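You will see subunit A twice below: alongside subunit B first, and alongside subunit C after that.
Showing the complex of A and B:
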């Protein structure tokens, strides 16, 4: 890729961080070019090929073991009642019963759960991108006095586990003044419990998104901002129209991670909602399991519905996900 | 000032939903509070009670066992996979995708899948596979001896992908010339692995180790959906005890005391990792 300027374009910066990228052929090119000076005789080359093959077989076996649980989930979800009743059903179902998904939805409204989770995911994405990008840009490019302090604060909040704040957060939601029948002191009603507020507001933005977006803005050329200022553009327009288009990969990464956070969230929605119409997919799945313990085909159909969207998104946008995950460490 | 204006929404949000709750939690841990009646200051009574709480210590012990056995095994497999995948192989991106899939899947879904795999008797896949070699059937999740190892196996399986990715990212920075020089000196694959790869990946290994421990201490969704901490508290962990105390027994003060201890443990680990990894954060 051509990099005449000394500021590499964003695409390149992110590429170097992306080990899980199927489209990233640069890695393969480096690896596959065998060194010219290594003159090898035929037997050595053959030995190499054999060890390569062994390696490939081992990797294929481990990868298969990693996806085996997912296959088992899916095959159970589409199995016939007949096969499920057998003591030793075949691994691959003999007939495929996709109507099991409809039966699962009849047993529990998974489509409503999925819709709720989807709404939370999408709202998370937009609020996180708006507030995360604005804060990330300000911290990266606007040299104001408090910036290092605010950045330090965001870094500090990243170190605080959710389990250290969950009880006061729950009480804040429960006693939210003037909502859900509460008076100005937060008494008398149920506050934000069983409301969209409780599901949406606490997840609006997170320090990690700010941190990640700031890193993307840091790599953008500051000269562009100065040039835009000379041209008389307002600060918000410089941020939105000049700088933000340069960090599109960052927006995509943070957006995907926010959606994942919303879709996969379990404990918080479990705590703040009782109403079935507000139930999210992960809570719905958990409750369905408690209520129908032995219907494995329906439970696995529900599990497939809960797992599949993220797997599909991951396969499509793998490199952006990987970029974010490698930066965040462990979830 | 635009700097302030652009950071203000996020600043207010984190102050309300992270800053204030932490401060409130610390104060609440010195009170008796059941949500209905106003909180009552009780000195360090919650902490004194915690010291003598057998279940709390068991939960902490289970966290330590999960870290001690689960994390190193998962890390070793991840390292070997990363080294193997760091060369041109047919289908390598598919291997990466397959190995990483458990990480993007919701832990609730993961728990359901393994609940079915661990199902008692022959319908359970685990028992079926072991029956081929003449073992079992086992009661994986209802036996006090097997439940914790069964949970740890799931955490290993789920944790391999992200560790492998961090190792892969670190391997990108390892110069190819080192290996070529070693080959000229006649080093074999095993020697290259232990003499070059392992030492060079030491910072990455430390980063993976600390973040894995931090992640492991926050295991909740899996325990809640797979075992409910049982049988007979055999798989309970700190986060699950916090949940039980706060949202089943409504002992908010007692639960926050546990969460403060968890906070301190994780804070020490995080600061330790920041200090040693240094450069990657903050710049």
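Showing the complex of A and C:
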């Protein structure tokens, strides 16, 4: 019995405990005054340590599995031709051929491709945040009858694969009136084909970004909007100055995903451009894949270089990125 | 279920139909049914758009625009070129969207077997055979470039697939020359080699099964389609026997589908697991760089695939053809450029850069084509060329063949059942274009 061993009654302790009171040592007494609790403490600590070790081992194994393809990509990029010709090459290259990176860069005008991909990525980020945040806010917080229907329509468009919409999208771009020599009916010229318009406009905002940002705005307190209205703030200012700062993790998540989409875009830029000065980095990488041959060392060198910006961005923003998905309820 | 490529192709070809119907008069101003012939007195000028899966990258651009096309523009300074380099694996998508948008390039390079599907959709203008100039192109390849009896494209560069063999390893097992007169003799040799080496002797089924079956159907004396391309011959005796042969050599482990590797990775022949390989001339650069010992004359031998008929050989050809868009607004210059591209001078330069076999057997023996021995050998044996395709429904059919053939070769389905499935699939596809 606790009372028989001079230990304070547990109910008594909880009743009289005052947080922050230096004179209150009842918790200490509960923790350390009996051998029973000491043994329990030790076994609990040991159990916690074991479970934490197991967790670390599992996480380390998963991390290794995630990192392994990147390591293999890098090692393939610096392998010799001799090793590439072996059926089972060693994990670590025997000789390191960093000149493969130079050869890969020389194989195509990657400075132009990287610049174009960067511009597309950056423009995607700004336009997606602008249009996505405003649409997401409207769907989440502004009361109008069509909101659920419009949201449902956005969700429905996410279910149509890109390959099913690529030709209609191409036709829209091709027959854009008054551009590229086209008349008012979209005839006579090439519209936006082979221009920055075709590369930038279709990627300005996507249904997924609107959906993601709406989920963030839904979690923000509506009372703030009402208070701001009472204070006389205009609707655009409520959106921009009061509500949008509350969804920063969402903005970072969507921004990162938009940049990634723009940077890694391949098929659309290939379809709508002819001129090499408008081609993007992923199209450049296809140089190393011929009909019946692939130059793995150069392809992996080019892929390593093209993956670097995304890896760096993810490392910088990973906390926000993960939080963003957790908060939006997607994870 | 349609995969994404089939989905796009279907949508693209539907668009092609619409675009072709809407714009069937073409841009050339001539009669769309009359074969286009080069005019010697034409004034050539303007910008020509070429779409090509070849010559990608800095070096490719230098070879194509800085060397091959430059020689043309030196003779015709008022002609300029805009080249659209598109990788092979996205060429169909690019062509389909371009054509659906009514925007086909003036000259279109594409793959073997693609001519009929695009010609049927009126994407290409028919060509007068005078466009070939002095080029001598194997008859069967020229047939593959025709549709409805008219020439619609010209074969330029070929990916030949002869057998190559390890002289050193075969000599160790007492075989000096593995060349045999008939398929039966060749199969017997494979059994003998398996007995002696204990391993899989032939690296063939690890390649595209569609292409293997295509070649072997010819080797067994058949064709894949009727002359007009409106009837599949998949259930005829030669095609059935060809598939049975593939299934048998897999069962006996004379060749093994499971030795398959990704393109560019060392295959079973290169790594010494097999002593005979069915290799594309396109693998030469990696073979020569990664395994220089294998390409030495004392180690490397080459031969053609035998057929059921003694002495008759076959050589499978994939490759690149060039066609004239029916919507070109600059037909004279485009035709002149096409004629130039198939000339000995341009083809030899293109072959040297791409490592592919020039489709023109008129190129003088001894011409420097870059030292690719598989290419040189194939060039000397162009008269044995065979290829698959030959129907306007080919773009749909070809994508569906490999999974069915794989099921047969791996024993998941019987030969007869697979043949029936292939035949039905082909009939359905052809039925859709009738």
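Everything that follows uses one rule, which is that the second predicted complex is superposed on the first by the 196 of 331 C-alpha atoms of A that agree within 3 Å, B and C clash if a C-alpha of one lies under 4 Å from a C-alpha of the other, contacts with A are read in each partner's own complex, and residues count from 1 in each chain.
As a convention for this text, a residue touches a chain if its C-beta (ideal position, glycine included) is under 8 Å from a C-beta of that chain, and two chains touch if they have at least 3 such contacts.
Keep in mind it's a predicted model, so treat the numbers as computed, not measured.
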Touched partner set for A:52, first subunit B, second subunit C, both or neither
first
Examine A:276 and indicate which partner it touches, taking first as subunit B and second as subunit C; both and neither are also allowed.
second
In the superposed arrangement, does A:157 touch subunit B (first), subunit C (second), both or neither?
first
After superposition on the shared chain, which partner residues are touched by A:69: those of subunit B (first), subunit C (second), both, or neither?
first
Is A:171 in contact with subunit B, with subunit C, with both, or with neither (first, second, both, neither)?
both
Between subunit B and subunit C, whom does A:81 touch in the aligned arrangement: first, second, both, or neither?
second
Now for A:109: first (subunit B), second (subunit C), both, or neither, which partner does it touch?
second
First (subunit B), second (subunit C), both or neither touched by A:193
second
May I ask you to name which of subunit B and subunit C touches more residues of subunit A?
B
Just subunit B (first), just subunit C (second), both, or neither: which does A:289 touch?
both
Based on the A-chain superposition described above, do subunit B and subunit C contact any of the same residues on subunit A, and if so which?
87, 161, 163-164, 166-167, 170-171, 174, 267, 271, 283, 286, 289, 296
Residues of subunit A touching subunit C in the complex:
81-82, 84-87, 106-109, 161, 163-164, 166-167, 170-171, 174-175, 190, 193, 267, 270-271, 274-276, 283, 286-287, 289-296
Would you pull the subunit C residues touching subunit A in the complex into a rising list?
4-5, 7-8, 11-12, 15, 49, 51, 53, 56-61, 82, 84-90, 93-94, 96-98, 100-103, 159, 262-266, 270-271, 273, 280, 282-283, 285-286, 289-291, 318
Subunit B touches which residues of subunit A in the complex?
16-17, 19-22, 27-28, 30-32, 35, 38, 51-52, 55-56, 58-60, 62-64, 66-70, 72-73, 76, 87-88, 130-132, 134-135, 137-139, 142-144, 146-147, 150-151, 153-155, 157, 159-172, 174, 202, 204-207, 210, 218, 235-236, 239, 260, 263-264, 266-267, 271, 281-283, 285-286, 289, 296, 299-300, 302-303, 306-307, 310-311, 313-315, 318, 321-322, 325-326, 329-331
In the complex, go through subunit B and note every residue touching subunit A.
1-4, 6-7, 9-11, 13-14, 16-22, 24-25, 28, 35, 77, 81, 84-110, 112-117, 119, 122-123, 125, 128, 157, 159-163, 165-166, 168-169, 171-172, 176, 180, 183, 189, 207-208, 211-212, 214-215, 217-218, 220-221, 224-225, 238-239, 242-243, 246-247, 252, 255-256, 259-260, 262-263, 266-267, 270-271, 281-283
